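These are the structures, in structure tokens.
Two complexes are shown next, each including chain A; its partner changes from chain B in the first to chain C in the second.
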Partner chain A sequence: MRPRLSSVLRHRVGAVSVTFLVLVAVLAVIGPWLAPYDPLQQNQDALLQGPSPDHLLGTDNLGRDELSRLLAGSRLSLLAALEAGVVGLVLGTVPGLLSVYLGRVFEWATLRVMDAFVTLPFLVFAVAMTALLGNGLTQAMLAVGILVSPAFYRVTRAAAFPVAGSQYVEAARLTGAPAWFVLARHVWPKVLPAVAVTTAATLGSSLVIVSSLTFLGIGIRPPEPTWGGMLATSLEYLFQRPTAPLAPALLVILTVGACNGLADTLRDVSGVRAPSLRKEKARAAA
Partner chain B sequence: MSRLLRLAAALAVLVVTLAGCAGANAGASSQTLKWGFNLPTSWDPVTSSTGNDINTISLVYASLTQLDEKGTARPGLAESWTYNADGTAVTFVLRPGLTFTDGTPLDADAVRQSLLRGKTQQNSLLKDQLATISDITADDPAHVTLHLAAPDYQVPNLLAGKTGAIVSPAAFTKDPGAIPTAPVGAGPFKFESFVPESKATLVKNPGYWDAGDVKIERLELTAGTDPTSVIAAVQSGALDVATITGRQVEQAKAAGLEVDVVDSFTVNQVDVHSGLAPLTDRRVVDALKYAVDRQAIIDVTNGGIGKVTYQPFPQGYVAYNPALDQAYAYDPTKAKAMLAAAGYAPGSLSLTVTVNSVAQSTAELVQQQLQAVGVNATIKVVPPGSSTWQQEVYLGRKAQFALDGTVGRESPVQNLGVVYGPQGLMNTSKEASPQFLAALDEVRRTPLEDTRYPQVLQNAVKLGVEMSPSFSLGTSPRIAVRNPRVSPLPHFLSQYRWEGVTVAAPGSRA
Partner chain C sequence: MSDLVEVRDLAVSLGRGRARREILQGVDLTVRPGEIVGLIGETGSGKTTLARSLLGLNRIDRGTVSVTGTEVGSLRGEALRAFRRAGSVQYIFQDPLQSLDPDLPLGRSVGEALEVRGASGIANRVAGALERVGLDSALAARLPSEVSGGQRQRAAIARAMITEPRLLLCDEPVSALDASSRTAVLELLLRLRDDEGVGLLFISHDLGSVAGVTDRIAVLHHGRIVEAGATAQVIGEPSHPYTRLLVGSAPTLDDAGLDRTVRAALRAQLA
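Right after this comes the complex of A and B.
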């Protein structure tokens, strides 16, 4: 069943998750205008200040307003997670669908490539990619997208496999419908719910990875703020500002939680079950 | 009965466990020191690739000479040395009865073989430093003579660090590939075990020439402690000594730990590549030297610990030239005027500030300072990794304006060569004036005992500072946090040293 927004909103977890994500998305869009200060403006007379009426979340090690940086950092952090998600979606879903249709050689080759991606550690691969292509968020997220693509590939393939062998798809083929039409009209709608669930879950995990990478200084272009970058800086000054990591950490945790909550709700409303390729193959063979 | 047997067995296990614990505590209360520090890039001085490695390499190797607190060469394995009349040969007299930790004798021939390996081994990183030595002869078991290509009175300084670390010929002849992970030297400690990227364990070498001054019986070197948790590690006893930043001093003291702030050779600097536009215009380069507020960098990024300097040496060292004390004092108005004279209106000049991933705050601060004089700076962060900085800055020479630093060298001439020399690693422009090179040659030709030596050396420093597009920012003292049961660390400019350091029993103070 195709997930509808109204069905998602009827679930309490779904409603809370969507509301929170919409709020974060709105903040990402209009956050820079809401910021009380220029998020890049340093003030050496106000280093590492605690929360006050002037600076609601205090200031960082260079005297910049934390709230303004948090608001400005939302856009970059979310865009980075989205970029990784979209790259993973495209690189995983397209070959996942095609592997069911393009014969055994393509299937074998894509499976081996995906297996290879699974073995690569995120951090090492991201460092290697940024060393090769330059240390930018786009390059780092390309690396992350590549490494999350196996999740999309497997889910898509497992969901597409039983549909590909169904009678109505056979019938469509026999009527002379081209492969792209069969895929777009008959297969993709059946695969979409599973992909939607995976996308929501992957966005959450991508945000964690983005935060981890920017925490380590990978993919970041200072002085642009990111949640992970703010977290890293605040941890260096934990003694002077013990509460400083709370705000960026809480935002990461809540946003990831909302993504996961949305994924769970999508799964429930669309009736997606964890697909088992082995069972489907056995059923198709029978 | 069986219940009684089980009870007896449980009691026996308890007794054995308690005995084991007592034994462990007894071991811990002896002179065991746990030091949190980076493991060397290689335990072989010939292939070690960073200057910082001297801190760990010198645990297992002794050198012919060693620097004292002020950075002056003093006897090490060699108890004395003499130059010939024209300064083209220096003969070292070895201490009697020296041996390596593998039991083989450390005599003149061993010194000859070890130094020659640094000159000839294909992958040696010491070739440049040893280029001044044309030949080495073992005159007799106690006398080794270094024949020099030209007069050079810097050799005793040069050999006080990695360059002069003597490796057992028996070990490298048998298997040169083993030395980077299983070193054999004649230093204060003997190598016991090593887990790459993790830890190394060393035990006191009773055959070390100065073993009487080494009180530590066992030294456990642990790498990879997260900087944010290093104080907690010392507080908990997981480490006894570790390096911290100036920002952490207050926290360490509040935790009841001791802090040693020791002047060091380390000086932070900006590597400016004058071959990359717009830095090809000398007026722009000079303007940048006035545009950077060095004191603000020290205050904000290192808790105010360190001193502004315009030269690559700390105050109090023989090479430090007081005439440069105000050489490029922060003056944004002057910087703006110089940029205007060079034809750059505010906002019309752009450059890239290259920085490694742990110094982003410094880059952000510098970016704002440059912006204040009308320069648009973009920050480029070099990803973490042992070779990425080398590829970007030193070898690739892609950086216009790189925030860097020198940990210094045992010989001031060697340090000047690295920072300002035509082939110097940190001289990304790879240019040096003939006057500076002539001044360096004069330093080499001047005996260290000569009363003119400080003046000759400081003159070379001044020429280097004025000639070079690169510029120094400030000193970076070595800051160590230690458990109160460890006695204060000796103050050496060049490196961590452990002579005289004692470790009291847990819970007591040294």
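Right after this comes the complex of A and C.
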């Protein structure tokens, strides 16, 4: 069954998740205009200040306004997670669809490539990619996107396999329709619910990876603000400002929770299951 | 007039490696324009494999398969797609619930072949095709699950007829239907033959369901045509033990039927 927004919103978890994600997305878009200060502007007279009417979330070790940095960081963090999701979606879904249609050699080759991706550890691969292509968030997220693509590949292939062998697909092929027509008309709509669930789940896990990488300083150049980078800075001054890590940490946790909540709801309303990356890795290791 | 189907010495194998086995061996078959030929045999005898070979869905090992004047066995890639797009041969599947996309309205499925050709006025032609098979054109907006089994199979026939084919391959088209729908669909196929001169290859495991509609019958057993001829001759004077067993097993053809010992003797001959 194809998931509809109305059926997602009827679920309490789905409604809360969608509302939160829309709110975060809106903040990411209009955040720079809402920000009370320039997120890069330093103020030596207001270092490590707590929340106050002038700085609602306080300031960091360089006197920069935490709220302004959080709003500016939302855009970078979300765009990075989105990039990883889109790269994974394209690299996984397209060969997943084609593998059921182009024959055994293509299927065998893509399966082996995906198995190889599953065995690679995210952080090490991302570090290697940024070392190779340059230390940027785009490069790091390209690496993450490559490594999440097996989830999309397997989900797409599993959903497309029974459809590709169905009689209505054979009937369509007997009209002389080209492969793209048959895939777009008959196969893709059946695969879409499973891909939607995987996309929501992957966006959440990508955000965790983005935050982990930027926490470690990979893929981002200071002083650009990101949620992970803010978390790392605030932890260095934990004794001076114990509440400073709360805002970026909560945003990461709640956004990831909302992505997972949306994935669960999509799964419930469409009757498909999201793949487990842990199971994928265990399967590849076996 | 040339034959619509001319199969000579056809051999087809399916499967890979050790699982590969020969499904059809030395099959000869012809279908002429406006003729209904019944292809009879039990499950696994190779009936569907033969029909699929006529559409280039199976690679052939040996022999020739000529359909509406085209040597189908040698077609590959774009040439095969062009042959199918021409629409001179159409296939009607056994179960319309499986052969019609469950998420597409009937009209979209019926008009699909025209869409692939880039034809214009598809909606009107779909409505016309549905009416030609005795369906209300308003059913075009319904999903397959929202109509009866008989209506689904009529829609599948409309899909096949929309390209104005010269040959219909009907793979057990009535076996998934109830008795009244079965009669209606058989009458519809006969009418299409009479009105439009379409040739039909009518595949069935049930001799009773084809005896009333076919001009000729070919009996397929273990991948070989064991008997072929005019329907009345094959049913009235079956020469092969397998045909005699089929005729004897069809109560509508032989009210008395064969008694158990005769059937056992025939089965022993076939073993």
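In this text, the second predicted complex is superposed on the first by the 272 of 286 C-alpha atoms of A that agree within 3 Å, B and C clash if a C-alpha of one lies under 4 Å from a C-alpha of the other, contacts with A are read in each partner's own complex, and residues count from 1 in each chain.
Heads up, the rule we're going with is that contacts are C-beta pairs under 8 Å (C-beta built on N, C-alpha and C of every residue); 3 or more make two chains touch, one makes a residue touch a chain.
Given the structure is predicted, the values throughout are model-derived calculations rather than measurements.
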Superposition on chain A - do chain B and chain C clash or fit: fit
Which superposed partner A:Leu62 touches (first chain B, second chain C, both, neither): first
Inter-centroid angle chain B-chain A-chain C after superposition on A [Cα, multiple of 10°]: 140
Superposition-derived comparison: chain B or chain C, residues of chain A touched: B
Touching partner for A:Val105 - first (chain B), second (chain C), both, neither: neither
Which superposed partner A:Phe181 touches (first chain B, second chain C, both, neither): second
First, second, both or neither for A:Ala131, with chain B first and chain C second: first
Which of chain B and chain C A:Leu238 touches, first, second, both or neither: first
Partner chain(s) touched by A:Leu47 [first = chain B, second = chain C, both, neither]: first
Least C-alpha distance (whole Å) that remains between chain C and chain B when both complexes are overlaid: 50
Touch list for chain A against partner chain B, complex: 42, 44, 47, 61-62, 127, 130-131, 135, 216-218, 220-223, 233, 235-240
Of all residues in chain A, those that touch chain C in their complex: 2, 166-168, 170-178, 181, 185-186, 189-190
Interface residues, chain C side, partner chain A - complex: 55, 57, 81-87, 90-91, 93, 95, 98-104, 109, 112-113, 116-117, 159
Of chain B, residues touching chain A in the complex: 227-228, 247-248, 250-251, 254, 296, 299-300, 357-358, 360-361, 363-365, 367-368, 378-385, 388, 391
